[in-house]
Structure formats: C-alpha cells, structure tokens
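For reference, the structure is listed below as structure tokens.
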Amino acid sequence: MIELGPTRYGKARIRLVKVVRLPDRHVVRDLTVAVALEGDFAAAHTDGDQSLVVPTDTMKNTVYALAKDGLTGSIEAFGLTLGHHFLGFEQVERATISLQEHAWAPIATNGRPAPDAFIRQGDLTRTAVVSVGRDDATVEAGIEGLTVMKTAKSSFAGFPRDRYTTLKETQDRIMATKVAAAWRYADGGAGVDFDAAFDRVRGTMLTAFAEHFSPAVQTSIWIIGKAVLEAEPAIDTIHFALPNLHHWTYDLSPFGLENDREIFVATEEPHGLIEATVRRSA
Amino acid sequence: MIELGPTRYGKARIRLVKVVRLPDRHVVRDLTVAVALEGDFAAAHTDGDQSLVVPTDTMKNTVYALAKDGLTGSIEAFGLTLGHHFLGFEQVERATISLQEHAWAPIATNGRPAPDAFIRQGDLTRTAVVSVGRDDATVEAGIEGLTVMKTAKSSFAGFPRDRYTTLKETQDRIMATKVAAAWRYADGGAGVDFDAAFDRVRGTMLTAFAEHFSPAVQTSIWIIGKAVLEAEPAIDTIHFALPNLHHWTYDLSPFGLENDREIFVATEEPHGLIEATVRRSA
Amino acid sequence: MIELGPTRYGKARIRLVKVVRLPDRHVVRDLTVAVALEGDFAAAHTDGDQSLVVPTDTMKNTVYALAKDGLTGSIEAFGLTLGHHFLGFEQVERATISLQEHAWAPIATNGRPAPDAFIRQGDLTRTAVVSVGRDDATVEAGIEGLTVMKTAKSSFAGFPRDRYTTLKETQDRIMATKVAAAWRYADGGAGVDFDAAFDRVRGTMLTAFAEHFSPAVQTSIWIIGKAVLEAEPAIDTIHFALPNLHHWTYDLSPFGLENDREIFVATEEPHGLIEATVRRSA
Amino acid sequence: MIELGPTRYGKARIRLVKVVRLPDRHVVRDLTVAVALEGDFAAAHTDGDQSLVVPTDTMKNTVYALAKDGLTGSIEAFGLTLGHHFLGFEQVERATISLQEHAWAPIATNGRPAPDAFIRQGDLTRTAVVSVGRDDATVEAGIEGLTVMKTAKSSFAGFPRDRYTTLKETQDRIMATKVAAAWRYADGGAGVDFDAAFDRVRGTMLTAFAEHFSPAVQTSIWIIGKAVLEAEPAIDTIHFALPNLHHWTYDLSPFGLENDREIFVATEEPHGLIEATVRRSA
C-alpha cells in the first residue's frame, strides 16, 4: 500500500518593504517572508480536492495586508501575528513563518543621519522562524551572512593522523567563517524584547569571537554558544553551522621569498563545515 | 547547566573529476562530495582536545584517494565505500556522504560520439546521500534542477476564499517547477542497480509529469510519487519539494489585444513551495 | 566645465514566455529581453525634463505586446521588430535589444514527444544583440553557458619562464571551458535564416572543439573561429571569451598511489580567461 | 581571407588576503585581482606557438609574490606595480589589472577595536582598473554593490505616453539602486592619494544622493556626478550604471485598506537600467 506521508506547503520569497513615516524621519523595514502550513491537506494530494487549500497567493496577500498594522515591532512579533492568523483556518494545524530582515541605516550627511535616505547594511541578515501550532509556539531567531576572521589566537594541532593525512599542525592560522546561527527562546519567547535580545546576542557573539583562543572551530562554537546562553537567560538553545573558509599560506619559497603568515589564498571550495548545538540541560 | 547537544562536522564542496581511459573512449565522472561525521567529538568542543578529530583536510584527501580504485560504479556505491572507510575510525558513529554527479555526454561529431570530448548536461544533477552507522546504512538517491513545464492539463480551482483572496480560478494554466526529489531505497539499497534505477525513476517521473492532469501541484506530487513507488519495488519512500514557478498571464487588454493563455511573465519571486512524502505503508 | 557624456537607458531582465498552441502540439518560447535606447535624452539628466523619456515601464509593456504577433520566428527577428518599433520615437537614435532564449524540449513519453510538457535544456543559452540606428542595423548572435571538456589532444608547453614561473609543461591535460561566443552577421543579417545558422554554428563549434588538437586555448579559439567563418559566409566576425577551467591533477603520491591523468580537482577560482576575435579581413 | 582581430588573455579571480602585522594590531587586505595582457600573441593563436605566452599561472604567482612587498598602499598603486611588472615582458604592449577590495573592519569589543578580529563589511566593494601601456597609464577607481534608497524627494512624471504606456505619474516614489560607479583620474592619477580620494568620493556620492530631489534616475546621475567632479579636481570623468530597483505599491484596496506609500513589493526583475557619463569638457 502506498500512502501520503508528511506534507507542508506555502509561499516563499515574499519581498516586503514598509516605509514608516515618522514626523521627523522615515524607517525602512525590508523583509523576505515565507509561509508554510501543515494540516488537513491530504485530499488535495490524493483526491485533487482543493476545498481546504488556502491558496499561496492568499498567503502573499495576507503578508502584505497584515504588514500595514501588524509590522510595528520585531520580525518575531510579526511572525507570531501571521502564524496566529493562519491558525484561523481550522484545517491548519501548524503555521511556520520564516523571516529575514535586511537592515538599512540612514545615510550620514554632514554628520547627521538623513531622514529619508538609506544605505543597505550588507554585513548580516537577521532571521526568525516562528512556528505556531494548536497547543504551542516556538520562536527561533538567528543571524545569516556574518563573515568574520581571526588573524591570531587560532591554532589546529593534536589531531590524529592516518595514511591520508598530509595537513601540517599549526599554532597560528587564520580562522574565517560566515556565521549562520539560530537560537530558540524558552516559552515561545514570552516576555522577550526580541530586538534588544538580538542586538545583545550579536554583540556577545562578536566579542566572544574576537577574544577567545580557538584551538578548533569546534571549540569556538562551544565558547561562543556558552557565552550567549550565559548572557541571555531567555534562550535555551543555540545552533551554529560554521564553514571553515580556509586561507592557505601561499608558497613563496620558489621565488626566494619568506611567507611568515602574511600572504594567503582565500578559498571557499572546498570548505570545512562544523555544526553543533549548545543548550541548557534539563 | 549548559551542555553540548548534537554535533557533526566534515568537508563540503569537494570537487572531483575522474577520467576513465577505456581503450576506445574516455568516460568523465564529475562529482561534488561532502563528508560529515558524527561520533565521539565532544572533547573537541568542550576541552579543545583534537586528538579524535579526523581533519577535514584528511577527509578531502581520502575522497580523492579512494576515487582512484573506488569510484567505478554509481555514486551510491562510492558513497557506501567512503562511509564504511570513515567508520574505520572507532570514534566515528555515523558517516554521511552527500554526492552530486554532473553529467557529461560525448560530443556528437558527424553523427558519432567523440571518444574524448564532452558537453556538460545542464538539465539535471543526480544526487545521493549515503548514511552509514554502526548498525545500519541508508541510501537515498535524488534529482536536483530538473526544470519542467506543462502548458496544458493543469488547473487550480475549488479553493477556499477569505477576505485576502484575490486569485481567480483557472481551468488551464501553466505549471512549471524545478524538481527536487529524493527517494530512499529499502534495506540500504541491497541488491539495487543504482544507475539503472535512477534512469527508470527519472523516466517514470517525466512520463507521469507529462501525462497526468494536474488539479494542483499537491496532486501532481501524489501522482508522480505513486507512479515511482509502483514501478520501483526497491524504493520505500520518495520526497518532493516543488516550487510553483508562476507564469502570470500578461494583461494586454490596455493595448487592445486579447491574451488567451499565450503571453506570460515568468517569475521566480515569490513562488509557491509544495513539499510532500509518498511512501509505502507499514 | 562639466558636461554630460554618452548615455543610454532601458529595461533589463524582462522575462517573457510565449506558448504557441499549434493544432497538434505546443511550442514554448522562453526569453529574457533587455531594451536600451540612445538619443536625445540629455534634458532628462541636466534639466530633470522627462518629456522625451519613454518610460522603461512602457518598454516592458511593448515587449509583451509585440511578442503576441511579432515573436513568430528567431530572437534576431524579434529583436529587429522591437528595435524598429522604438525608432518610431523620433528622439531615439539607436535601440539595442539584447535577447536570451532558454530552450525547452518536449518530454519524451514512450518514445514520443509530449505535445504539452517540456523540459528545460540547461546546456546552453542562445543570445542575440540587435542594434538598430537611423542608418544601420547590426545583428549579433551568440551562445552562453556551453560547458565543454577535452580529455585528450590538449597540451600546454613551450611557454617562456621567468622567476615567477612554476607551471610544468604538459603534453596531455584536460581542457575545459564554458563557451561564451558572439558572432556578427554581415549586412545586418539580411537574408539569413537565423535559426538554421545558429544550429550550424553550434554544430561547427562543437565538432571543431572535439576534433582539433589544442596546444593552447588561444589556438583553439583560432581553429574554432576559423571553422565557423569558413562554414558560414554570412558571418563576418566572431568573438570568444573562454575561461580556462583548470583541472589539476591531484597529488596521490603521499598515499602511495600513482595518478596518471586520472583524478583531478575541478576549480573555477582562479581561472584563465582568453579573449579573441576572428574575422574576415577587408 | 580570415584573420585574427584583437586579443587579450590573462588570469581572473585571483583571491588574495594579506595580513599586515603591525606592533599593536593587524590589518587585513582582501583582494580579488585579474590580469589581462595585450601584445604580440598572434602566433599563439594562429601557429600554436606559445614561446611568448606568459602563462596565466605565472601571472597568479606574480600577484601573490609582488603582494608581499608591493601591496602596502592603495589597490590603485598595487595595480600600477603589477602593470609595470608585466610590461617587463617585451612582447606585452598593455597590461590591465582589475582589482576589487573587500573591506574588513576590526570587531568592536567593549568599545575598543579588536587588534586581530575582523568583520567583513558587506555594504560596498571598492574597485580599480589600472591599464598600463608603453606610452600611457590610466587609473580608474570605482564602487560596486552600494545599495541605497530614497523614501522621499523622488518623483517620475511628465514623460511621454503612447499606446503601450500604462505607468501612472508619481510625485513621491521610492527610488532604490545598487550603485556601480567608476571614475577616471586625470594624468594616470599622478599625485593622487587614492585612498583619501575614494573616501571623499564615496562621501560626496552618498551626501548628494541623500540631499537632492530626484525627478528621475537620469537626473540623479547628473547631480551626483557633477558633485563628484566639482569636489575632486583630479577626476576627469565618472560613469554610472544604476539599476532602478522598483518598489511597487501593493494594492491593498481589495482588503479595505488604504496604502499611502507604506507597503511595497521589492522587485529586481525586471529593472530599469540607466547609464551615463559625466565629464569635464575639453
């Protein structure tokens, strides 16, 4: 017998910009939103019956319409608003809202921020995944595209060697990565100021990244993850997926030149990829 | 108390080309491989102790070295070879090998295939994910980047309407998608001819896609997935993630022109995204 | 004194799909079009006067509207139609239409082509740039994204050496490239069957690529370019930009393995880039 | 007769990172470099004779080797160093060096910049193209990827209408663009402090962008370009290619909501593309 397993469906890459026109200045909100629903949708698959299938076009309209009055704070809050809205359809058991926010800062002109001109900040994207079910809600926040580098306090040594090992041990290497991190708030984020928490987590992560000695990317994840959990009681777990963006010392010896950790080839292919979760124990 | 949760690490985007030099012609194998290991690696995180951490550089070397004698058949078989190799480290509990194969076909010259010149086939990438543990092995195969379109036999109607619904019902629309499908072989693929099975699955999928009437992408997944499972007893489950790449009828009425399903705007942003699993019931 | 230099403006990335509904089968045309106009537009810059500025939104509408009756043959012909249309504005001195066509082939079901289901061919994009002025028209056609490889009959030796040269000479290497070629038809393409010519050029290029011995990418361009010009009297010049997508022999000697042109690392960064024009002399 | 037309060749996407280890802090230089040579290379094409062809692999080695002592200031200066080096080959008539610099800023920890930890600035890439011939040198500098938006002081009206025009006039729209600008220094940049000049140009561009009223992107280019030329006597010409990244007001009226320039769809496909040069007259 053949049966239908788990399903979900929705709309992805909904690009939404909201301009908030305050008396003295504007604020730009720039979001990419995805909606995914789970629930009583088997008949759409097996019987071609769309009578319960909220069109993904309706989801898109809803995101724009609810943004007018509902996007007034954090993306986490807007995700909760959207999630609860879609639970208004009784066939929906779970609504998952994924959001990215692309930051724009006022352009500085003569030392003052322009009220109505902005520059997109390319150094990170803030993310959130809000999942609302009939009996629960989870709020995950995160960072994408935060590319950082340590030019000191990074080593890699003491690893096992087999017949396929040619890597030399190093006490001083470049460590570079593009941080993708996501953390979950306890209790569905009840009572959390998501904007303030995001800023603090970002700051904690950067400071820990800068200050620690890294014997391996694995250790860095643990140190940074622990720093975040220690600083933010509202977070109960944090996940990292860190590529190791290798910078290889270029061999200048054929040219009679010494290269003492000075000239590197930056590569992205292949790269190491280290994933781990740091969490509070039960 | 803060603790380490699940971890894994490895090397991604290992780009490997093998030229098999047969007496009368060459064969090109073009793979992108990723290795990920799980096991006794907590000390690397919490104590900075790398004594059990097989370097990802060693993984890379291993992939190239084992390709010499071990890449003689399907990517699934090569994945199993790699997976079992990494289990040779006793600290490894699970090795997951992800492979993509990019197809190259001989260039036809004067109606004959050239023995040593090739053209890359861009219409699909074959994939496999092989996961080998101490007591089990799973083999998943798949397709990425297969972009297909139906210009008839596709409708979308009968869906519920709420205050945010503006979509019109249609009995005849374009349906286009970029197929991402992955299927799992029963019994870790024991006895399966993976190359032949892949070709048959691809053929079954394309034929089913072409021939069926689609009242929704959801239904298409069910019909195509069922066709695959019915044709391939060795497969016990198949998963699809199908973007709905909308083609909107362009409004030509302001120009005094009729547009009877003839002129469309192709868009990718936003897109629907329909995901479902079809499987054999226990 | 500060003045305005050359200007042009237009609309880019207009995505157009046309379904031609023949009695027994459909045909899919899938184009990306860009329009650029030059002419009497200085006042728009220096005086903020838009009275002569055809909106780019109008260009977009025009592409879709003219596609209904005007896109019945080659993209070159459609480009000429569009170009001449925009010259209808007397402030326009030159209209340049850039077109890409993405090929879709009927899906084969039980050995027969489906009448209304298609698979996108990913192995090349056909291009055209049509430039229509008050007194002239030029038609350039081209190919993008044709990725090809020679596993024999390719060497690189005899090059000069200086203190920064470490490359070894080789009599047998892999040569791989992603062909970007564009050729210009004489007399604005008058009398040319552009579709047939494109197919012949593609065939000539692939055959020449497969059959020739390549002492360098430079020589390959000359041989292939000459073959095209010799076969197609209507073409007066052809330009190639060929990346040299290096495939480096992986050093397996640390593992006690020989690697006789068998196992390679495919790389794209950095790559050689060879550009040249082959043309009829005056 | 068939002949060889213009040629050039070189190495592209050379990824170079240099760590400058000052006593109290590190500085990261992160460049992508391309080298292209023109000269007496016809025999490589037509005769397969590589005796004058400096290998692109040698170019790559040279970039890394010369970076050790030669990359101490601006990318323009390094480009000139590289260009003059390659003119040391007598068969070379012109060397063109294209450089991108990706900025890294020290991570701030407790209000102080970390000496050895950095965050990549994603909001712009600085570029330079240095072309050195036997009798001349030109230095072009530029910016890529600077994405900016005006939420006020932007209109588009007074344009001509034809049968294909549906666009409404607007006195208040969002204008957003990703600036690609390149400017040429007079006299090959003799005596110019390229780093200081770049910073001033960037500042002038952003201030002009923020402060001016824009009746069209065309006018913005003129205003910003003129501001740059007026502020920087060493620059004799500046070129802009500005996409018009449309933000369309979302129609909320079907949902009983007013949308007074508040909720927008951000799109990139299609986009306007406005190109112009502003220069000093002779």
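The chains carry the letters A, B, C and D, assigned in the order they are written, with residues numbered from 1 in each.
Note that a contact is a pair of C-beta atoms (placed from the backbone, for glycine too) under 8 Å apart; a residue touches a chain by one contact, two chains touch by 3 or more.
The shown structure was predicted, so the numbers you read here are calculated from the model rather than taken from an experiment.
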| item | value |
| --- | --- |
| Remotest chain, chain D as reference, centres from CA atoms | B |
| Higher-contact pair (C-beta pairs counted), B-D versus A-D | A-D |
| Whole-Å gap between the CA centroids of chain A and chain D | 29 |
| Mean-CA-position distance for chain B and chain A (Å) | 24 |
| Approximate Å spacing (C-alpha centroids) for the pair chain B, chain D | 38 |
| Where chain C touches two or more other chains at once, by residue number | 15, 61, 65, 164, 166, 254-255, 267-269 |
| Residues of chain B defined as touching chain A within the complex | 1-15, 34, 36, 41, 44-58, 60-62, 65, 89, 156-162, 164-167, 215-219, 221-222, 225-226, 229-230, 237, 239, 243-244, 268-281 |
| Touching residues (chain side chain A, partner chain D) in the complex | 15-21, 26, 28, 30, 61, 64-65, 67-68, 104, 107-110, 114-124, 145-153, 174, 206-207, 209-211, 247, 250, 252, 254-255, 257, 259, 261-267 |
| Interfacial residue positions of chain A with respect to chain C in the complex | 163-164, 166, 254-256, 267-269 |
